[in-house]
Amino acid sequence: MKFKDSDIVSMQDFNKEDISELLKYADYASKRKLDKPLSGNVLANLFYEPSTRTRLSFETAMKRLGGSVISIDSTQASSIAKGESLADTVRVLEGYSDIIVLRHPKEGAAKMAAEFSKKPVINAGDGSNEHPTQTLTDLYTIWKEKDKIKNLKIAVLGDLKYGRTVHSLVLPLSKYEVKIYLISPQQLRIRSEWMDRIQENKAEVSEKEELRDIIKELDIIYVTRIQKERFADVQEYEKVAGYYKIDKEILKKGKDELKIMHPLPRVDEISPEVDETENAKYFDQSANGVKIRSALLYKILGG
Amino acid sequence: MKFKDSDIVSMQDFNKEDISELLKYADYASKRKLDKPLSGNVLANLFYEPSTRTRLSFETAMKRLGGSVISIDSTQASSIAKGESLADTVRVLEGYSDIIVLRHPKEGAAKMAAEFSKKPVINAGDGSNEHPTQTLTDLYTIWKEKDKIKNLKIAVLGDLKYGRTVHSLVLPLSKYEVKIYLISPQQLRIRSEWMDRIQENKAEVSEKEELRDIIKELDIIYVTRIQKERFADVQEYEKVAGYYKIDKEILKKGKDELKIMHPLPRVDEISPEVDETENAKYFDQSANGVKIRSALLYKILGG
Amino acid sequence: MKFKDSDIVSMQDFNKEDISELLKYADYASKRKLDKPLSGNVLANLFYEPSTRTRLSFETAMKRLGGSVISIDSTQASSIAKGESLADTVRVLEGYSDIIVLRHPKEGAAKMAAEFSKKPVINAGDGSNEHPTQTLTDLYTIWKEKDKIKNLKIAVLGDLKYGRTVHSLVLPLSKYEVKIYLISPQQLRIRSEWMDRIQENKAEVSEKEELRDIIKELDIIYVTRIQKERFADVQEYEKVAGYYKIDKEILKKGKDELKIMHPLPRVDEISPEVDETENAKYFDQSANGVKIRSALLYKILGG
């Protein structure tokens, strides 16, 4: 990937060298103050769904680089959508801005927008499909915490059936020589079509129902939310949710250097008592979102 | 008009020399990068009605000039309106900002705001009355595409009874030596009081029901939306809408240099197949909105 | 108070020297153009309740100082609140921004946020508790108009039972050697627990039902809104509201240099005919909000 003037639609457009280049650049750039290299540039946030964190981290990245941001939020976007096609809205914004960040409920929306727009388009989530800048943030956090990705033992915990994490993070991760544990209750196991795709790659992947069995081996636990709505029976939900909760008690069974990640927001998958430990990395992970997006914006628009 | 520190309330405040000065300046300024001439200035967007395009084009213009923008959107404005008069809100914003851009559903709101505010006020649409920066954008687009306005043959197509285009564009256009065709279904003909005012001016104006008859003469077709709600009978609407639709077929009957304009959003007045032709100028027209507003802001606040 | 890197949670953290230092600095800084001293800094506006004026005055202050602003408005915040604790939201924003401005319906929210955030937090109103930057704005306005606070005779007029003004302004004001008249209808008298706290301080405080009796002595009248909802009987409300209304007629009984303040928005506590008089200072008071907030932001983040 050449980055400069590119669209960022899918993690499938990134090979391992592209990822490595971006992570290293994000680290390098976060350590020095650039003198507003994107001054005079305008980013358009076009959000057909609410996503405050993603929107604000792009906005923060652009502003810290000296650029400006214009925004269409989800209420405005849904009103526009009634009277105008996405293709037209994108071509109007192309006339105002230098880059478009798109969040849309429909899979493939970012790809379509990128085809219509002469200006670069960044996918900030297209339905249950992909959210590449979240994935890059997650990879960056793993790499920063462990100084490598190769040879790590990483558990992904929670709802692996409906959560976008499987598509977004586990697939690219499976291209590395890592050991991945997919840990979920029976009802929320990864779908077989995804399992097939992951198993084509280099990683060693195994499914587990129990975190306890393997926690002492792990370098990273990536926790995701288990949604109550997925369960017909509330008691069943509560049993499962309690079972997969991270607290200080279970952390004692892991290595001292075990790191806990979470894409946030959390409900009660991680007990607040964990926040103060050295294991908790989810707020750093959130802050890393600004670093990765800054690096991307700079590589696409500047440099 | 001296521009510097002026309010922009109505096209009636502009004579042809003012328009010419502004269009030329917008063209000149769009070709060179000014070094943030409005740095330190704050524009307040006060929108009592939603209008994403107008709001964002002012915002983009101000930010590209190095200035900042604060916004009261339509939801916030309607909540403010319950507890505070427009006159008070304007005087509060005057204490925060250097210029106020006002969109309001009531005719005359901009004029009233300008009387209360010591800072310049720009009318960004006051009900069905005027929207001068849209008009200036339209005139700029015509002039840029044809290198002149004089002697052109321009058709305005669609809803001429309810559309703001008649008030906003046709009246100032009629001051030039042009030939204007007003093309609409019988039910949506221009009101007689407007026709009278237009006919006082230099332009040669005629009403038509058929585009086909005269398309080969035309330099510009300005298409506007025909709203379903105007028709008691859906079949009647569909007949009319189909009849006034611009597609590649009808374009074949026009000159090669015929340019199609539209204030956007379009529904299906212009077929998407037209987008790829050299005739299509509506997305350029939209982008020109930023150039005109930049020129205005610079002439009012800077210079 | 050292200001640099401090939270601003309560007026109780300010002694008279702190207030004096800030007011003088605000005055000094408002007279000279600083060259974007907060360039590169990001302020996060986190508003769980709508408050357009407070939000925009912080935003204006930050932008005029060269900084950037990211915002979570009340609609977005209430949606976030469903899935995330305030403590988590604050720690996410801490990863994006350099300072957090918080408006929250619950008393004590700002204090709690300040405990969780490593970045400074400014209280922009926590329920019916405090709104320190409004109070500082009010003190600044009094001082600017009268060149002192000591020895002034100040009436606070209106709803002293439910209005936040008593907590926010009268208590700090009572630390000065001033004479305070609390003027309200019988039903809206200040609560005894507040009266007790105020009377501990230096000021001479007295309660009145009539403005007419003492207006000729006054230097300042601080008018607040009397809300219809507080009265069971509409006629009772109307009698009271009419009785406490400021118009040109009653101003004739006061000194020429009497100044009228109001936190805005007003409904009809002050007649519009007063706006044009030299007595009216409420729009200046509103504009002073930007000066005070600029001074605070600069002292916390810059300098």
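For clarity, chains are labelled A, B and C in written order, and residue numbers in each chain start from 1.
The rule we apply is simple: a residue touches a chain if its C-beta (ideal position, glycine included) is under 8 Å from a C-beta of that chain, and two chains touch if they have at least 3 such contacts.
Quantities reported herein were computed from a predicted structural model and do not represent experimental measurements.
Asks: Would you mind reporting the rotation angle for the C-alpha fit of chain A onto chain C, rounded to the nearest 5 degrees?
Replies: Result for this pair is 120 degrees.
Asks: Shared interface numbers for chain A and chain B above half of all numbers used, same, or below, different?
Replies: different
Asks: Using mean CA coordinates as chain centres, what's the gap between chain A and chain B in Å?
Replies: The mean C-alpha positions of chain A and chain B differ by 41 Å.
Asks: Can you list the residues of chain B that touch 2 or more other chains?
Replies: Within chain B, residues 75 contact more than one other chain.
Asks: For the complex, which residues does chain B have touching chain C?
Replies: 39-40, 42, 44, 68, 70, 72, 75-76, 79-80, 83-84, 87-88, 91-97
Asks: Can you check the complex and tell me which residues of chain C touch chain B?
Replies: Its residues touching chain B are 33, 36, 50, 52-53, 56-57, 59-60, 63-64, 73, 75, 264-267, 272, 283-284, 286-287, 289-290.
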